[in-house]
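The following pair of complexes shares a single chain, chain A, combined with chain B in the former and chain C in the latter.
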Partner chain A sequence: MNDLNIASSQSTPGIESDTNAGILRMHGDSYPENSFEFFDPIIQWIEDYLRLRSEALHLELRLVYMNTSSVKAMMDIFDMLEDAHGRGRAVSVAWYYDPRNERVLDLADEFREDCSFPFDIAAAPQ
Partner chain B sequence: METIDLFSLRTHFNRNRILLCFNGPISRSLIEEIGNALKNYLQAENAQPTAAMDVFSIYIEMTQNIRHYAQSRGYGDLESAATVIVARDAEERYLVQAGNIVEAADGEALLARVDALASMDKAQLKATYKTQLRQPRDAAATTGAGLGLIDVARKSSLPLKGNLSPIDEERAFFSLCAFI
Partner chain C sequence: MTGGPRHYIDEAGLHALIGHLLADPAHQDNPLRTPLNDLFKHSESQRERLERLVRISDGYHSISHRQTLSLTEQYDKQLRRLEKLARISDRYQNSLRELSEALRDSALHDSLTGLDNRRSLMERLREETERAIRKGTPYGLAILDVDRFKSINDQFGHEAGDKALCAISEAIQRSLREYDVCGRWGGEEFLVLLPETSIESAMQVVERIRTGMEQVQLRFSEDDTARVTASFGLTRYRLGESFSDTINRADAGLLKAKMEGRNRVVVAA
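Now for the complex of A and B:
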């Protein structure tokens, strides 16, 4: 399967995947007008990884601001991880945030409420 | 030819402590550019990072909602115009206000929705947000998830204020104000 390597723009996050290491990284702001279009290839990559591979999947997130349609797309991603976790797959998320901005902590924390797989939120001074 | 009295306009802006205003057709890239200017203003004003993010986030949700609405109604450039203001009030709060042309019936429904959200406390707003987040996505809707308005209400430190001014029998100007 092909790895993702999407450069960040003003309104879309940077995305990199490493299939062999089982890691997906997302960083930056996410507020595209059409979030579903933007997130489609990312959701596709996760689907493929979970279907074709049996190793663990780890999401390393440094997302900052997300508009509500990005939040909706992100929830779809966490739902996929939750399903995989329920089937016994090893999945995990680590979300790093700048401690000066607690809004990012609130955002990550609200996602974590609906997830039962390992989901770490850690302050990471920029 | 009569010219516009720019000085009195400026005085009006200054008296109302308007940081940023826009009136006209709004595009995707314009939303981003004005958003960028807004971020810079807030940084220059030494706004708290959380307040700056709340103001930016409300601005994005309001303007993207206006774009999505105009697209869903098939409006042309003229009707897709937005009027946006970011200002400070006497209590040093930030005010984010945005308005657009709507079908009169949509405006009434929107106003009722805003009033319903304005009457909820933070816990009720969170529950409403989470319920909406779990709604199946409308296959025809490629854009919004119906969350924007609830998100704006959650971030506003005072209840949202909506207003509807009739234009003619069919249309009205809807405006929404949030406070940080």
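Now for the complex of A and C:
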């Protein structure tokens, strides 16, 4: 399967996937004009990975600002991980935030609410 | 039919009895035997039909019940998701709003003293000038410059100079009326805008600032203390002129106050 390598822009986060290591990284602000179009390949990659591989999947997030449709896309992604987790797959999320912006901590915590898989939120200088 | 206790028959017993009678050769020639046999068969098939009907109906009922349950579940789940989405989204929106307020604040205020900065003062001057023209009530305008400020910097260092500017800005604000505007115009220059104020009243306010500043004791360390004074140029907006003319006139007054020996107010009428 092909890896993702999308450079960040002013309104879209940078995305990198590493199929062999089982890691997906997302960082930056996310308010794309067309969220569905932007997130579609990301959701597709996660679906493919969970279907074609049996190794663990780890999401490394450094997301800062998100618009509503990006929030929805992230909720969909976490739902996919939750389903996979329910089927016995090893999935985990680490969300790093800039300690100067504590609000991201609260927001990541809101996202984590319904997730039963390992979901760490940690301060890390950007 | 009249009421009364309903007669429940023992269905299984009746069934067995009739089966037994029909099979008994003693009743072989009874004329009732054939119609009874037909009735017996008919009753049997009716009973089976009824049971099948009940079974099917119960099946439908339970399917529809399961569907309702799962729809309710899905609906509740979607509702929870939607609420979560709105909650997270609202938080992002709030943090953006606060950020834009902070940016606006830093764009209009002096970061050291917290007073209006030059950009904000220009905006206020524009507004006050429009209001003065509209209502025919000119404002007073004073520019003050801290006397020998350079010597504080030279003697005690720049940090002391910054502390002094903060103490001075607090002293100025203490002497102002609620609707007066004060801002940092430049390095150690402050501008005071006195809306709808006569030159006599403006003079009172500015004198209050001047004497208030004389009271300020700057203390940089145990032994290092200093006092500050300021010189003032005061004028009043003249209806029809541009506010830069008013500023120039106040500046000229300030220069005169410096030349006449500092720590004084010169009215440039």
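Going forward, the second predicted complex is superposed on the first by the 126 of 126 C-alpha atoms of A that agree within 3 Å, B and C clash if a C-alpha of one lies under 4 Å from a C-alpha of the other, contacts with A are read in each partner's own complex, and residues count from 1 in each chain.
In this section, contacts are C-beta pairs under 8 Å (C-beta built on N, C-alpha and C of every residue); 3 or more make two chains touch, one makes a residue touch a chain.
Just so we're clear, the structure is a prediction, and the values are computed from it rather than from any experiment.
Undergrad: Return fit or clash for chain B versus chain C, each positioned on chain A through the superposition.
TA: Here chain B and chain C cannot both sit on chain A without a clash.
Undergrad: Is A:N20 touching anything from chain B or chain C once the two structures are fitted on A? First, second, both or neither.
TA: So A:N20 meets neither chain B nor chain C here.
Undergrad: Could you tell me if A:F36 is touching chain B, chain C, both of them or neither one (first, second, both, neither)?
TA: Only chain B is touched by A:F36; chain C is not.
Undergrad: Touching A:F111 in the superposition: chain B (first), chain C (second), both, neither?
TA: After superposing on A, A:F111 lies in contact with chain C but is clear of chain B.
Undergrad: For A:S11 in the superposed arrangement: first (chain B), second (chain C), both or neither?
TA: After superposition on chain A, A:S11 lies in contact with chain B alone.
Undergrad: With the two complexes superposed on chain A, say which partner A:R100 touches: chain B (first), chain C (second), both, or neither.
TA: first
Undergrad: Contacts for A:K72 in the overlay, against chain B (first) and chain C (second): which applies, first, second, both or neither?
TA: After superposition on chain A, A:K72 lies in contact with both partners, chain B and chain C.
Undergrad: Is A:N2 touching the first partner chain B, the second partner chain C, both, or neither of them?
TA: Neither chain B nor chain C is touched by A:N2.
Undergrad: Between chain B and chain C, which makes contact with more of the residues in chain A?
TA: B
Undergrad: Could you look at A:S54 and tell me whether it touches chain B, chain C, both or neither (first, second, both, neither)?
TA: Neither partner.
Undergrad: Choose the clashing stretch of chain B with respect to chain C from the list 40-48, 76-84, 112-120 or 166-174.
TA: 40-48
Undergrad: Would you tell me the residues on chain A in contact with chain B in one complex that are also in contact with chain C in the other?
TA: 65, 67-68, 71-72, 75, 103
Undergrad: Report the residues of chain B in contact with chain A in the complex, numbered from low to high.
TA: Those in contact with chain A are residues 28, 31-32, 36, 49-50, 53-54, 56-57, 60-61, 64, 67-68, 133, 137, 142-145, 147-148, 151.
Undergrad: In the complex, go through chain A and note every residue touching chain C.
TA: By the definition above, chain A touches chain C via 65-68, 71-72, 75, 103, 106-107, 110-111, 113-114.
Undergrad: Mind pulling up the chain C residues that touch chain A in the complex?
TA: Those residues of chain C that touch chain A are 81, 84-85, 87-89, 91-92, 95-96.
Undergrad: In their shared complex, at which residues does chain A touch chain B?
TA: On the chain A side, the touching residues are 10-11, 31, 33-37, 65, 67-69, 71-72, 75, 98, 100-103.
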